[in-house]
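Below, each structure is written out as structure tokens.
In what comes next, subunit A is part of two complexes: it sits with subunit B in the first one and with subunit C in the second one.
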Partner chain A sequence: MKRLEEELRAALKREDPPLGFAERVLARAAAQAHQRERTRWARFRDAFAIHRLQWAAAAVVLAVIAGGVGLRIEQDRRAEGEAAKRQVMLALHIASAKWQVAAREINGQSNARTATPHDETENHE
Partner chain B sequence: MKHLVLFLTAMLLPAIAPAQEIRLPANLEKLSAKAVEVVEVNLDQKMLQLASRFMDPKDPDEQQAKRIISNLKSVYVRSYQFDKPGEYSDSDVAEIRSQLQSPVWSRIVGVRSKREHENAEIYLKSEGNQITSLVIVAADPQELTFVSIDGPINPEDLADLGGQFHIPEVEVQKPKPDKGAAK
Partner chain C sequence: MSSSPAGQVAEVELIPDFASLLRQHQRMVFTIALHMVRDPMAAEEIAQDVFLKLHQELRSMKSSAHIEFWLRRVAVHRAIDYERKHRHDPNVALEELQMPAKEEPGTDPFLARRLQALVASLPEKARAVVVLRYQEELMPEEIAALLRIPVGTVKSHLQRSLAMLREKLGRTLGEVSL
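Up next is the complex of A and B:
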């Protein structure tokens, strides 16, 4: 019984850690934390490196789409402008032609006013 | 009392003020169903400005047109060509004519030709010495045309277009004063 007590006492005896133990523990913990951080960054960097080509392809596709949309807008604007121009020319053509009808009638009737009383002209100019 | 008068004036002014633009009657639009050829041009100020940006600086016709439309607010044209006479009646243009009876409009030309069966009326609206609107109503048995130009315009510019657009120019002569009327 005494022997058992002695063995227990020996086993449970308080022992001081070796010199520098706490520093080594803290240093290892710091090293592991740094390692974890480095690994995360490395993973992100690696992921980006893997997808770099895809990023470039996406950028090119976006640039092409933006260019296409811009070109389409410019084409639409030009088509609208050309259509408006044609309408203006047509409108002025018709207005001018009808003006000419009136002018022709006035000229013709003023020349033949006394000779042929067929037409009626009112000119309030 | 003064406030009441001002209030009533403000309320009644829109009703008595002349319309700024000629409204196209609905029955005129219905003519397009009977017509064999229809021209409809609707150009507001924005479209006129857009069109002027696309006028070719080397083309004299387009430069003349650009000059004419530079200050215009709107241009509307309706032209209906029919394959036989009698497809439209005088009542079809009566609503337009009634709008043009307003005192702000002056009919400067009214031509009725029994020989050519061509009728043409030209109305002007002016402020001071400046013509601010022009309306042309032209009708022959198989064609009815209505042109409304809103904005400052010189009618001589339209006459000048006779030399442009490949239309032979016709000299406009003022009729000699009627001696009987002068008495």
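Up next is the complex of A and C:
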């Protein structure tokens, strides 16, 4: 058994590859790396070119969504402004009514005060 | 268990550049492929593919030992794939085998060629086990890890292959007692 194993070791010993093997591998590796780099860029470019229509459609959809959102925000802002204006007008109306009531009361009292001495003189007579 | 600073330094091993790795391991990879497929041109093609794959995967390699392990495994599997794709008669005639580039003094070239032919006639897994055991001097446990098969299977492949080789060699050469 030992001798057969020794003969196997001798028969299966390592051998040199053909001349220029390493250079051929290095050349192929360089070409492969170059190709890989080109492929990566081409894949990116092709992805954009092939899906140009989809990109455009997506851009339109995004623009519509953005426009819709902007319009909604503007409408909300206007509605809030209108509501605020109505509240201010209502407050002014209330204030004006109160002022008129107060003015009438003040006028009434001053009229009464000016009328009282005249009555007294009438009573004295 | 390398908690010492020296052990930590050893773990952070710098992996040599691709050209150095290629020159360091080209004989190993080429010869594994050659003994698996028995055709020098196919062996070169397989070895080139193995190194190109290494070039792509180099960043994921953790150490020199990892690279060596990886190269052996990929070389064996590529050779088996090649065999399956270009399946032909495993009983290779002696004339088909290439003469070794250099004859080692003290070895019998005829016996070596006959043994190579007989190894080439083994089933692919058994052939891989024999090549890794006697070309690469790996232990059965290492072969088992590399081929992802149980150690017992490696040992039985070795025993059966040696028995078959001895029988066929004895039948061919008659007087040889190995």
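Note that in this section the second predicted complex is superposed on the first by the 76 of 125 C-alpha atoms of A that agree within 3 Å, B and C clash if a C-alpha of one lies under 4 Å from a C-alpha of the other, contacts with A are read in each partner's own complex, and residues count from 1 in each chain.
Here is the rule we go by: contacts are C-beta pairs under 8 Å (C-beta built on N, C-alpha and C of every residue); 3 or more make two chains touch, one makes a residue touch a chain.
Computed from a predicted model, the values in this text were never measured in an experiment.
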Which superposed partner A:Ala29 touches (first subunit B, second subunit C, both, neither): second
Contacts of A:Val61 with subunit B and subunit C, given as first, second, both or neither: neither
First, second, both or neither for A:Lys98, with subunit B first and subunit C second: first
Contacts of A:Ala79 with subunit B and subunit C, given as first, second, both or neither: neither
First (subunit B), second (subunit C), both or neither touched by A:Pro17: second
First, second, both or neither for A:Leu90, with subunit B first and subunit C second: first
Residues of subunit A touched, compared between subunit B and subunit C (which is higher): B
Subunit A to subunit B touching residues, read off their complex: 78, 80-82, 84-85, 87-107, 109-110, 113, 116, 118-125
Residue numbers on subunit C that touch subunit A, as the complex places them: 18-19, 22-23, 26-28, 30-31, 34-35, 40, 43-44, 47-48, 51-52, 55-56, 100-101, 104, 107-108, 111-113, 115-116, 119, 130-131, 134-135, 137, 162, 165-166, 169, 178
Footprint of subunit A on subunit B - complex, ascending: 39, 41-43, 47-48, 50-55, 61-62, 65, 68-69, 75, 77, 79, 106-116, 118, 120-122, 136, 138, 145, 147, 149, 155, 158-159, 161-162, 164-165, 167, 170-176
Subunit A to subunit C touching residues, read off their complex: 1, 3-5, 7-18, 21-22, 24-26, 28-29, 32-33
